[in-house]
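Multiple structures follow.
Both complexes below contain subunit A, partnered by subunit B and then by subunit C.
And then the complex of A and B:
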């Protein structure tokens, strides 16, 4: 998928995370802000990269502000931002590119 | 028939599917059913994000036996079909249709659920449907709504919109809901589906809530929609048979079985006149006690 325009998904509420995506320069430019970065930073990064790979996104500036989100929430927010960026709201590939 | 159609549903707790903090562990409060909401609780510009949140919650969170019902957006919106695809793909147990006004509304949802089950290789007939009735027209058509689909397990009154349609408002006394409640529970009983009451939103008035639950329990409802975990224990307490009721029901069932064999139709149990008309009610009390996990007998 192509990141067409800047998009945001998620909130700064507890147990959530806010994901911002923008068109990239041919690579994944990842930044993370989290109060638990020392404990879970690598895990959050892994989830974000796996999710982007499933979606076929290889060029993106992605920044995450984490407020203690579970892995499944991080996935949901990354997908939310990417599909918003692409402007796709219907006929989504549940169980396909959107992997559990 | 899907065996879950008749499962115990004393409490249905509403949760905004867009809020991770709410949907990550609501099973700790032990409601019978969870109502993961894509409709009114979710702002118009967050409908898409809520679906991703819902899908991954359904796929990844173990809700420990709580039924997972998804309230989709209404048929008048552009959202409901994708809501159904997302919920069915995620593996929800049931779909709740808001603002149901006719059998045709239920059939449209049934058809979309069938398609989604095929698309996502879900066993045919797994996903059930319930219909929320929120208007005078819907109340007057409760019978046809109840009979619209083999998948439909129940109907629920949604009091806020219904009272607006009736040109009144929620008073806390229940007067404004009397006709709808009576009509709906009769329609549900006549067609063999369950019936659920509307939410009680005054969280500071727990005594009023208790009275409301006692009223609908006496009217014959199967359960109530709830908006706060504090309401769960009260509903379960009122809807779960007491030890005294269970013991009496056991006596009634045993005595009717025995007296029937002896050719006796009317007799007394604990000083009360009993005949065959009490049999089904007593059996139902025992079944409810079993489903609620409080039955220790051997009937």
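And then the complex of A and C:
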């Protein structure tokens, strides 16, 4: 998928994360602020990269402010931001690019 | 050297401090020592008043100089103005290398960070530190070692002479011109002055600071004039709203209420729940809720409590009002109802030493049946951590946690399984503050684990077929990890910035400098 315009998903509430995506320069530019970075920083990075890969996103500037979200939440917020960025609000590929 | 809770205490720290590693709770039972003694400047011809003009004058008269140790109490909690007022003056006088020996420090003391950075303060000894001071210490800004000691441990350290207080400052809600201090009767009341009593007995110089000078005699005095050198009157000693809050509304958080209910069910099914039992709880939402639900069952079954210890809040004082308890023993008051209750004749003020010191002829924690505590982390060895956050930052205080846990027959720790994403039940706590040998039961929202050391309690619950979700502590940890993912071990720098002192003065654990996080893959 192509990141067309800047988009945001998620909140700064406890146990949530706010994901911002912007068009990239041909690579994944990842930044993370997290309340649990010392314990889960690498895990969060892994989930984000896996999610982007399954969505077919290879060029994106993605920044995340995490307030202790679980992996499933992070994944959902990344997917939400990417689909908003691509302007795709309907016919979402549940079970396809969006996997449980 | 590996200590009794499996922590490796580096030789350099043992050499630097002259301390032993922790050998278990009862290592010093029967130990004999000579108590330290302060110097006393006699007051014979004082013209009947000890009131002086200012904190500056007090510091001059007390002959403040570089390298001194200053004592403070934390009864004013987040509303305290005393520590900052005194340290501002110390700083302006250009004094360096001060050791602060406080019963605790909190967010109110964030302004001290600049004095840590410029070398005015080079050592901190406290029950714990929160806020910016915690961050400063974790970032290696304090020149010396921070020493975290429990409320009982502070008294022990002072009475053995391990720390000598040169000048102690007592924030006094009321005081007369001859130094009789009370925690009540003024405009910034904290109820009791228990943590300062050891300062009164062992500091060379004692300065009472008040914003409410009352006529002599301010009796019954909580700190006697016989221990006070000077009295200073200031405009405000603290923020009354932050010293004693209004009664906290009973929690409506269903998860906390469920844990409180588990706790009460457990308590009433132990053999200790009978007429004449004793009880203490912390001030967390779940702990307070369990006191409320316990009071209900006590009433239903006609069971009376002999005494309650605090850290007091309204629900404990309500037991007194409703005649469900014979006596309250008080070291600190958290809300206005508790402050008000101090006037009750069955509400007794006790010193921190009487409360919790392991180095006297027996403290009241040793007479406790139940204590209900919270924790930041508890591990599969039942070790608790109440000082260092799971991210490695110093963020809490020992308080009376290790003291009451060691003393009580049944120590119950309540914590949600996950604090946000962070598993509260884990394989190994970041830092050990309370040893697993002191902790009998862990109650979470996902189940309850009894320490295998307490086969008697396990058998008791089985025999009575108590309908609670019992699990092993490993099962609780596994559940936490299956939800949140297994946390990565926090990486620390090499430098040791603080030690967690056991209540008997041995080393329970060390705290290392924090290290900025780096991804393992770029």
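To be clear about the criterion, the second predicted complex is superposed on the first by the 100 of 100 C-alpha atoms of A that agree within 3 Å, B and C clash if a C-alpha of one lies under 4 Å from a C-alpha of the other, contacts with A are read in each partner's own complex, and residues count from 1 in each chain.
Just so it is clear, contacts are C-beta pairs under 8 Å (C-beta built on N, C-alpha and C of every residue); 3 or more make two chains touch, one makes a residue touch a chain.
This one's a predicted model, so the numbers in the text were calculated from it and none came from an experiment.
Applying the stated contact rule after C-alpha superposition, one finds that A:12 touches neither subunit B nor subunit C.
In the overlay built on the shared chain, the residue A:95 is in contact with subunit B alone; subunit C does not reach it. Legend: residue contacts after superposition of the two complexes on their common chain; A:76 is shown touching subunit B, with no touch to subunit C.
When the shared chain is aligned, subunit C comes close enough to touch A:36, but subunit B does not. In the superposed model, A:84 makes contact with subunit B only, not with subunit C.
Judged by the touch definition given at the top, the superposed model places A:45 against subunit C, while subunit B stays out of reach. Ranked by how many residues of subunit A each touches, subunit B and subunit C are led by B.
Touching of subunit A by both subunit B and subunit C, each in its own complex, is seen for residues 14-15, 69-71.
Of all residues in subunit A, those touching subunit C in their complex are 14-15, 35-43, 45, 67-71. By the touch criterion stated above, subunit A contacts subunit B in their complex at residues 9-10, 13-16, 69-73, 75-77, 79-80, 83-84, 89-92, 94-95, 98, 100. Subunit B makes touch with subunit A in their complex at residues 19-21, 24, 47-49, 51-53, 55-57, 59-61, 81-82, 85-86, 89-90, 120. By the touch criterion given at the top, residues 390-392, 420-422, 483-485, 487-488, 490-491, 517, 519-521 of subunit C touch subunit A in their complex.
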